[in-house]
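What follows is a set of structures to go through.
Presented sequentially are two complexes of chain A, the first with chain B as partner and the second with chain C.
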Partner chain A sequence: MFDFPEIFALPLGEWINIAVDWLTVTLSSVFNIITIGIRTPLVYIERFLWWIPWWALILILAILAWKVARHWVATVTVIGLLFIGLIGLWDHTMTTLAIIVTAVFVSVLIGIPLGITAAKSDRFEQSIRPILDGMQTMPSFVYLIPAVFFFGLGKVPAVVATFIYAVPPSIRLTNLGIRQVAAETVEAGKAFGCTGAQLLFKIQLPLARPSIMAGVNQTIMMALAMVVIASMIGASGLGLEVLRGIERLDVGRGFLAGFAIVIVAIIIDRISQAFGRAGTTRK
Partner chain B sequence: MRKIVTFLLLTIIIVSMVLVGCGEKEKEPIKISDLNWGSAHFQSELARIIIMHGYGYPVELIGGKTIALLQATRAGELDVFLEGWMQNQKEAYDEGIAAGDIIHLGILNNDNWQSCFVVPTYVIEGDSTRGIQPMAPDLKSVEDLKKPEMVELFADPEDPGKGAIITCVPGWECEKINMDQVKAYGLDEYYNLKSPGSSEALHAALYGAYEKGEPHLTYEWGPTWISGKLDLTRLEEPSYDEAVWEENHGCAYPPNELFIVGHKTLPDKAPELVEMLGKWKMDTKTLGQALAYMEENDAEPFDAAIWAIKEREDIWVSFVPADVAAKVKDAVAQGIVEPQGTAE
Partner chain C sequence: MADNNHKIRCQGLWKIFGPRPESIRDLIENGASKQEIREATGHVIAIRDVSFEVQDNEVFVVMGLSGSGKSTLVRCINRLIEPSSGSIFIEGANIGEMDEHDLRELRRHKLSMVFQHFGLLPHRSVIDNVTFGLEVRGDSKKERMENAQKALELVELSGWESSRIQELSGGMQQRVGLARALAIGSEILLMDEPFSALDPLIRRQMQEEFLNLRSKVKKTVVFITHDLLEALTLGDRIAIMRDGAIIQLGTPQEIVTMPADDYVREFVKDVPRGKVVPVSTIIEEPPLVTDGEKSVKATVEEMEKKGVDFAFIVNANGVCEGALALEDALAVKENGATKIGEVARREFPTISPDATLEQGLPLISEGDMPVAALDKGRRLVGIITRAALLKAVQSNGENSGAPKVTTHQG
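And now, the complex of A and B:
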């Protein structure tokens, strides 16, 4: 009496398995193209970060922080990065940074145009919303394993998984920002004879900038949250250090790598937030 | 009115929760590890059914990762820890034994294998049914891996010019041993060791490459469902030699000892279980069969355990006295054995 009639229990799961197996083989050339598309910038970014001397990178980031954010952010940047280097995690941090930068780059490249489309079309917005909800709440382990089938091990599936988790805020907040631009302003633009493109690039996007930057900032933060999970499919860097630490119950090692992730997060968060604010103060 | 209904509903829920919570409580429950790979799942499930229905103890399986559960056994949160791999857990095992927190119950298997140099057989021989040509017909031993065409075949996409070997799970002892082996064989200048991140991803990568018919060079071990299901070849390595192993791990892995340990209180709590687990033996072939059964029938570890009890008495009957075996068989025949979670 209490048992649920589980008529779909086996077939549905089995169908998903068959579909994944089928996709793995059939679309392998598509996946290979995506792999190359992600790996090429990733490898160059990583090589650049490894090539640039540590003091030069710290200097560049500190100057950037000094210019756009409050001055204490620059201090935190210098101290935080020096700390990471001194505990021997510099190279791991650079690898992690390369993965994050690539994932955020891909997310922004795809997320902002989708957000604009969603702002222009109610129907598109309604159809994309449940998908975004799914991307943010589906436990990432569920799609990590198919990602390995499709893209192999390492940084490429890590970027894909990070993208899935991190792109929704970029889409949502771009959409929201454009929709929040006052109707009068848009009317005025139209009255002055703006074309659609002018309306978008000269009025809506600039006014929506704080919101869009908040979305990008959220994307970055969520990408950082995926660092350890992405390492479970072989992405090297700080996440792998955390995994090594916890697998051996070496709590210290885990925490050090964890601290490094937090430091990177704080620095990127403050600098990218300041970029959003810099836009508004000038207006 | 609405308040009364809410009150009644709440009362019913609370009362039923209390009722559900009251079970039979003659013996203290035995808590058994349920480690996160196939052969351990199968054995834990089998042990659960035998202990519950043969010896009449309530049993709880606790899932988790190796080190965490071994520590839990030391702390007494688990009574039995089943299928530890000695080489991988040596340090924690020695510590626990030395401190007297855990006691050694038995070695369940010592004919397993692990190797850092496993390739799908189609890489060497091709697979005519799938139209795969042999990619490296001359590949026999680890020495052959130094040839430029092999390095190219197993190329590391992130570091062209070098090959890639998928190594062991981060933090496991084999991760370090694999690195030593690659160095000792002089392969480190040709190959990068790539971390798979987790055992799930290690298997998924091998499975994905196998489905696509791509070249793949990886660490793997048996018994696993994947090494039972896929046609894999281990490359020849210098055979195991204790002196060489001690010096630089420059030879094949020795068979590992798969151990069972228990918390120090187990002999007082359930002496008959200490005896049973001492007799618990599972060779690699048997475990491979159980794992293949699960894979082929899309079955849960629970189903495989039931299968073993019904159809493969040779696997388990020798662990227990005749009357216990009869009780277990009876319970299974009556169909009163249920998976964990639905029984409570």
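And now, the complex of A and C:
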């Protein structure tokens, strides 16, 4: 009598399975289009990262860091990437980077317009807020499964899963940034005869830029956090190295791959944060 | 339907904030107060049946405390806020009937606005802020630069073109705001408490520069302020608002000398009348006016007969040429043969009838003669005596003719 009566238990899990099966068949063409849409940039980015000589990439990132961020970031970039090369994880890092760059690219491409829409419409903001909450709090393992059903194994479902996990901050902070632009400044734009697009591109987006870039920065960080999890559905790269380290109880291997992820995270974080600051307050 | 001289005409304007403005019509007609309506229905009456006209090249000041509806009113003029009912005409065109495109063109060419907290774009340089309105309406780069340079010159910010906004002080930022508004070359300027966010000293300086600017460029200005002194200093006419309605509309002098009710009276109580009231209100007929050909002897006799110690010499055209003091005349020995034109002072205190009482004070205290009020052609209009001036400065509303009203409950 202390147990919940089993006959009342709803077979909800069953229903979800049925729904997913149905979706897989019915919407297969949609999923095919999405797959192509993700795979195309992914392939090009990956090819580029494999094609570019290691020293050239280090040089480019170091110059970028030197230009936009504090100078020590450039130093960390050089030392960190050299270290990754020395421990033999360069190729894995490039694979991981390709997945992250693609996922962030898709997230920004979809997240910022959604954020703008949310800033312009209270109703839209209210309706997406619970969805965003759900996307962020749902354990990320859970949507690995439908991702596999819809997109198969490999890097494409990894990008999709990473996108779902990482896109909310881009939407939220774009929305917030635009809403926080001083009312008087927006009024000034209108008073001088701005069209809606002029208002957006000349006033709202530039002034919301620090906030939007903070959102993109968070998106990048969350995408990095998904790397290991995504490796469970066949995404190669540093995540897979960590996973193999765990499977084979090879602490050294797992630790080195994990360390490489941290290095990549620090470099991308500092450079992308600096992009948010640039133009508003110069150091 | 609009007279040519009216730049802006506002007729029966209402603005009610709330979900269903029409629903409270009955309450309003039954005379419910703003407070009662807000508590009963949640609707806020921001503007209550406001009508006024702004003439070409006039500075029309709207004065009121916070919550009086003045900022809402100015935003109705360019439809940043949509009025609930009533109409506004700009140069005869009803802006309430304009579609989005026409409204945008109106804002781009005919109206410009200056904001309390400047509303500048911190990600742009000074010059790029000033060109903003021109850029938005699609002017060529060359036109933009020319107009922006001119506007920056007018506000005395030449040389700051490439500075960043954050590097400027508040006063300078508002000059950029003003330059941005001037650059589009509109004839109408809407200024929403433009100097309220500035330090008192800077505010005074900006007010002076505003007056200075007005003498250089022709603009019709609607100026919002909560500072009565600012209103009196800058305004050609002043509308005083309370609870969304205009309770008095008049020249600074009318506001100070004839307050419409206790609310306005309370406001103007502490205003130094000397700053506002012109000397023309206390002008007196000159007791002795003569021409320069008369002999000193004859004039002295005339002065003694009238019991005055001065005379003004006016030629056939009415132009005042000199002033004769009795003591100077008595000092002349050959007084039968000397013409008064020869002994009269060429330098004597004069004032324009439009000058304020305060401006008259130093003249009075210096000389031993009344001050001559001369019009632009130096024709003698009348004299200002020391006694009349001192009395007017000190009276502070007591001689306004308006009966002192005391209110009792009920």
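As a working rule, the second predicted complex is superposed on the first by the 272 of 283 C-alpha atoms of A that agree within 3 Å, B and C clash if a C-alpha of one lies under 4 Å from a C-alpha of the other, contacts with A are read in each partner's own complex, and residues count from 1 in each chain.
FYI, a residue touches a chain if its C-beta (ideal position, glycine included) is under 8 Å from a C-beta of that chain, and two chains touch if they have at least 3 such contacts.
Here the structure is a predicted model, which means the values were calculated and not measured.
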Check chain A with both chain B and chain C modelled on it and let me know: fit or clash.
fit
Who does A:Leu240 touch here: chain B (first), chain C (second), both, or neither?
first
Is A:Val25 touching the first partner chain B, the second partner chain C, both, or neither of them?
first
Comparing chain B against chain C, which has contacts with more of the residues in chain A?
B
Just chain B (first), just chain C (second), both, or neither: which does A:Ile45 touch?
neither
With chain A's C-alpha centre as vertex, what's the angle to chain B and chain C, nearest 10 degrees?
150
Looking at the overlay, what does A:Leu57 touch: chain B (first), chain C (second), both, or neither?
neither
Answer with first, second, both or neither: which of chain B and chain C does A:Gln198 touch in the superposed model?
second
Output check: A:Leu207 vs chain B and chain C. Expected answer is one of first, second, both, neither. What do you get?
second
Output check: A:Glu184 vs chain B and chain C. Expected answer is one of first, second, both, neither. What do you get?
second
Please state the minimum Cα-Cα separation between chain B and chain C in the superposed model, rounded to the nearest whole Å.
36
Chain A partner contacts - residues on chain B that touch it in the complex:
65, 67-68, 71, 157-158, 166, 169-172, 194-198, 200-201, 204-205, 207-209, 211-212, 298
Residue positions on chain A within touch of chain B in the complex are 10, 14, 21, 24-25, 28, 35, 39, 43, 141, 144-145, 148-150, 152-155, 231-236, 240, 243-250
Per the touch rule above, chain A residues touching chain C in the complex are 182, 184-185, 187-195, 198, 202-203, 206-207, 209, 279-280
Would you tell me which residues of chain C are touching chain A in their complex?
75, 78, 80, 104-108, 111-113, 115-123, 132-133, 135-137, 180, 184, 190
